[in-house]
Each structure stands twice: as structure tokens, then as C-alpha cells.
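The structure's right below; bear with me while I get my questions together.
Chains: A, B, C and D, in written order; residue numbering restarts at 1 for each.
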């Protein structure tokens, strides 16, 4: 399995039946493809969809129906379509159970930075800030290190924050890590790696849960 | 009272320097025909309000590329490198808001109110000290209403009175902008007589609409963007 | 013609083709019955109707469709139905051209009192305050004096105000009076009465337009 | 996830002392069956939020008459002399708001905001000095959001996911309250499987709804009020 496949195949297990879930642009939207076709979930897309589903068949693609990532989605039975004010009311009123979201940086306090790299990347914040600040449970999907091999899981984020203390869990290509009152706790390892080697690729201090699952 | 207008007449009402809201999230809901006519007529120094800048060569991006835009108020322009580059070069002023806050600022204007109290981004870099209000013992961020001189809206269906019905994910900002702008111009490929809609199913009541432009057909602008199709 | 008929038959002339009009509870709602069936107007009712029309035929009365006065209205072609927030957005955004409204008192500055008589009558303000404060043109329909013969058109309202300086025109059973920068100006007399007798029944000072219409 | 509940179970979730929003403007939209069950179960010390108090012997008025209501937040109770008399005797606390302001206070809670700035009634006796805010050189009245523990809603049609469609003038406060309350209980005479509604035509998305109670039939409460028929 590739790093991406490891993240996605683990991430899909976070989605509980009957829940309402937003899948952020990037890795998270790809989680949808790992869901069984009959799975009981309602996917929320912030451009005004509850009940978005996998890409429509070519003959059924509707140019007037995309998700927030631009995909020509289909709709589940029981889907609803609404304006952007209602869509974000749903977010701010915490009617979403789970948001999976990407990260530039995430830290030991559960702070998230995923929208801006000053001087390099500033396309605007989109819906990320409200999703991060208001969803009941935020799970970050991220490679454990950046393309230069530098840790993305930090003691304290250095980039401008999307939201403070919002992240519940981090799923990287190496481990499943929970943000707790006593810092980051490794729940599962997704590769065959020693605790020491995992810590070496992580700036924040890790605690290893007794009996954490291994590959 | 019939609100039908020609494309040319409807857009000619917009002067240079106007503040113009434009519906649409990505392609769906973008009023490409109204925008293309605005490009043709060439009004300048516009302030535009739209969720995004569309993609290069399409929709709102054409107005920017044509030098007609002074300022853009938006949420995310990540799919338009040209506009980002122009912003970084100082060729266009860009004001960003969180997406739901932009929606709510517009909706607040549309409801005839002047601002609202929120906690979104309250401890982030998007909030300045002077935006904060301590009220009854709690600190809020005050977000002011955002109105406009004009709104450009695409509706799937309309009637002569200006009653509108949207489709798919093309609803997005359109009903909010239709309420918030002083003068609302709608394009639709399907204009009919009053009575065609079940009254409960009208998305935007005609009271909010000033001009309805019937489109004979939809150009390729409105079609599938092949590079967004997953193979 | 009765006093009420004089008011209503004059009031209906205020409604211009193509306009959006709210008719307040009491005398104003009755204006609808003076409109020709094909008249081009959209009647707004603050409980969420644009395009309300006269009472439905008995077989077509819908218990789920009333106007703000409780009447089982019918709908014009092109009517729309919406929630109370949208309905009052329409009012506050001044998308109504005209509201006709009743009065306990109205005065020379165009102030209106029609919602509360302290100690006697306080059923709540309903939609009157927003209609009075925000509609482009407010026409008051009222008997010229109260049931005890006391003037209702005053120098200055004594009851709690609904809205300040909001009234453009007063249509009583005796006269049509405009609120202007130089006070109340009588435009028409609806009964055969001398200027002096009309003034005697009016607390506020009246000016008589040269060439005002008479009965 | 099926949200179907029995009438008894749905209402049993409401404790004494709860703050309860109730949809409806006059009869249309009033959830008579949910209210009648609340009368039967007898929870007390309730704070109710509804446009009006219905008429004597009907709907919300029954809860007041049965001594279950501590406070009523409303806009107009002119059609209910009994409630007015009880208010004047001090037997019930009544808080009045302008109708559109009550709607907007509820809508503000429903949108996850905390208050809004308005000028309605700003120079009238309903405004206290401490409600006024000078902000950026202009004086506004601050209206705070109004939320509730429960909302009781009547929908013309629903599906198991809680998607709702309203009819006629029964829309009024219902979609606003469905967004604003922590726990939303819906009654409907027409409950069906997901897929029955065109997605654009859903008035209240199921995400806002917690319980849906199917009604076997509508009682006479829901019928025409003969004294409102003009002869």
C-alpha cells in the first residue's frame, strides 16, 4: 500500500453509520471512494449539499452539480440542496458529526494550520475555518512528514492557524495519533516502525498507549 | 409587471465603479452570459463579490483578465493562479472572508440588518482588535453587512415576475445576493409565465428581482469541465 | 356611503398597477375587496405570502393558508410562499411599495401610534413596527375621530409610537391629507364640509391645498 | 438513520422547565398533536416561543390554560383575550418582540451567530438604552440570538432522515426554529422514504431534525376556523 492508501484505508474506519461527515479538499475527499456503496452516511459539502456521493456516471454528470472540490458528484436518496447560508448554519450549529481535513501543520494542542503560507500560498480560507472551529470531531489526514522529510506534527504550529485546539485525531501514513489533555497519544501504528523511529519523525512529543495496535 | 430585459439593456444599467455581486460556486450558478456581456460592454473599476474567481478564461476571471476589476471580495481563489499572481503583483485588491462569513454578511444585508456577532476566527489572524466587541460580558467579533449596487444571478427557471428556481449546487450564494443587492439582474434559459411554480417551491420571490434576461441557449461555458472529471 | 365605505373606496385608488402592497389588519385588509379581479398588484402578507388575494371559494379554502389577518385567502398566479425571516427581509429591504395601516393616533409630523394603549390594550406589536418604519410609502386609513368624537389626527401623538415620521398620507372618512414638510395639507374632501368644520374635528393644524378636490 | 418516534416518546424527551419553540402563525403550522401530547404529559414551568398564542381552547393556549407555562415570548396575542387577561393579572410573563425581529433572533441562533445589529424600534419605547451600540460612528440596536432546548414543528411532508416540506402559510417560523433549537421534534401526516423529494425542494434539511412523529390523521384542530370565514 502506498502512503496515501494507508491513510485513506484507515481514515474510512472513522466514519460511523448514520453520521453526517464533511470531507475536505485533497486527501479527505478521496475517502469517499473507500466507502461501500450502501454505507449509511450523509456527506456534507459546504457549497450546499447534504447527501453527496461518488462521481456520477458519465451520462448522468450534471454540470450544475459539483461538490466543494469541483467533482461532479451524484446524490444519495434523501439528499438535500440548499444555499451557502444554510450550509454554514449547519456547520456552525455543529450538526456535522465529523470533518476530515488536510493540514500543513498540526500540533500537540490540536491546533491546525492548513490555509496559508505567508509569502508563498494565500488563496483564501474558504470554508476551512468554520469547519475546523465548529465540527464536533476533527480528524486530520496528512503525510507524517512533508516532501522534504520535515515533521508536520509539531510542538506548536508556526503557520497562521485555521483554528485552535480543534483536532481530535491525526491519521498519518505512519500512525493514528489522538490529541489528549496529556499531549499526543499514539493509538495505532500503520507501518512497521519502532516507537523511537516514529518519535524521530515527529517534532511533538509522543506518548505510546499501552496496547496500541500495530500493523 | 413584466421584468423581461434584453442582455444588452440589463447590463447597460451597470456603471463603471459599481459594486457587483456575482452568484456561483465554481461553475454552477455562475451567470456566464451576464458576465460575458459585461466584458463586451467594458465597464471598469468594478468591485466584485463572488465565492471564487472561476478558472482562467471563464466567468469572473475574464473580467479580471480584461482589467475591469479594481477589487475582489471572495473566499478562495486557489483554482485561479492568474488572479493570485495579479493579487501578489498588486494589480488587483483581494479581500478574503471565511466562506460562511461571506455568505452571512451578504445574508445580513439581504435581511435589512447591519451586522452580526460571531466567534468565527475570533482568535485568528483574520481578526483585528477593532473588530471585537465586549457585550454583556462576552467578546464577539462584529461582522458588518455586505451589500452591493447590483447582483448578477443565474436561475434554472424564472417567471416574468422575477420568481426564481435554482438547481443542483447552483443555489449557493444566489438567493442571498438576490436579497442583498439594490438592483438584481437574472439570466435564465427557461423563462415562463407566472403560475408555473408551486408557490412553496419558489427559491427567490420576485419582489427581490429587477430584471430577467432570457437566454436562448447555454454556451459551452456552462458545460462539464473535463479536467474535473476523475478517470 | 358609510364612513367605512368612503375610506375604502378612496383608499383603493392609492394602489398603482405593478406595485407590491401590504394591507394591515382592520380597515386596510378590506381594501382588497374594492380591487378589480384582474388588477396588476401583488399583495404581501407578513406571515409569508406574496400574491395573496381575496377569500377562496368555500370548496377551495385551505386551512393551511391564511393571511396575517386570519382570512382564508386565495393566491394569484405567480404567488410565492416563504418563511417569516424572508418575509420581513422583504419589508426591511423596502421591497414593498406601499403599506396601508390603521391608527389610534397620527400626527402632523407623520408619527404613527397604532399598537398600544398603556393600561388598556397591549396585545403585542406584531409586524406593524417594521412595516411602518421600512415601507417606502405609508398610507393611514382611519376614521377622522374616535367613537367618542375626539380627534385622532393630532398635533403630537400621545400614545407610544409605532414609528416616527413614517406616514405619507392619511385617508379618513372626511378627507385625504398629506404629511408634508410644512405640516398637514388637505388634498381632497370626501364629504361636504367646510374647511372650518374639518379643522374643528382635527387637533393638528390643516392647510388647504389650493384646488383640492371636493365631493 | 431513521428518526421515527412515537408521539409519546418524542414529547417525553421534554423536561419541565424547558425552553420550547413552537411553529405556526395562527393555525397554519401549529403542531397541535405535539402540543396536545405535551398537555397530556403535563410538563410545567415551560418557556414557550411562538408568534402568537393561538385562540382559546386551541394549540398553545391549552398549555397556558393548563398552567404549564411560566413565560411566553411572542409578537401578538390579540386573538386570545384569556392569555392577555392572565398576563395582566401576572399569571404568566409575556415578552413581546416585533414579528420580524423575533424571526430574525431565532434565525440568528439557527445560523450559529450570537446577535445582530438593527434599527427597528431604535427610537421607540421597546428599546432600552443598554440595547444600543455605537459602532463605527453609527448607533445600532443589538438584538441577541434566541435559541431553545426544543422546537415543535408541523411539516406537510417528511422523510425518515428528517427532510421537511411545508405548505401554504404554514412555513412561517418553522424552518427558522428547526435550525435554532437543540432538539427538533416534527409531526407530519405524510411520512415517507428518502428519495421522495426533489433535493432542491427540501425546505428543512434532515441534519437539523432529531425526531419525526407520523400522524395517522389530522384532528379537527387543523381545520377551518369558521369565525374567520367572511360571509
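Simple rule for what comes next: a contact is a pair of C-beta atoms (placed from the backbone, for glycine too) under 8 Å apart; a residue touches a chain by one contact, two chains touch by 3 or more.
Here the structure is a predicted model, which means the values were calculated and not measured.
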Joint neighbours of chain D and chain A, given as chain labels: B
Per Cα centroids, the chain farthest from chain D: A
Interface with more contacting C-beta pairs, comparing C-D to B-C: C-D
Averaged-CA centre spacing for the pair chain C and chain A, given as whole angstrom: 57
Distance between the centres, which are taken as Cα means, of chain D and chain C, whole angstrom: 29
Distance between chain centroids, defined by C-alpha means - chain B, chain C (Å): 36
Cα-centroid distance, chain B relative to chain D, in whole angstrom: 32
Per-residue multi-chain contacts in chain C, two or more chains: 81-82, 85, 88-89, 91-92, 134
Two or more partner chains touched - positions in chain B: 104, 107, 111-113, 119, 167-168, 171, 200
Chain contact topology (line, ring, star, complete or other): other
Interchain contacts, given as pairs of chains that touch: A-B, A-D, B-C, B-D, C-D
Complex interface listing, chain C residues touching chain B: 17-18, 20, 40, 42, 44, 50-51, 75-82, 85-86, 88-96, 134
Residue numbers on chain D that touch chain B, as the complex places them: 104, 107-108, 111-119, 133, 135-136, 138, 140, 142, 144, 165-168, 171, 200-201, 203
Chain B-facing residues of chain A, complex: 45-49, 55, 58, 61-68, 70-72, 81-85, 87-89, 91-92, 122-130, 133-134, 160-164
Complex contacts: residues of chain D adjacent to chain C: 25-29, 51, 74-79, 84, 94, 96-101, 103-104, 106-107, 119-121, 123-126, 156, 167-176, 222-225, 228-230
Chain B residues within the chain C interface of the complex: 1, 110-113, 159-161, 163, 179, 193-195, 197, 199-200, 202, 205-208
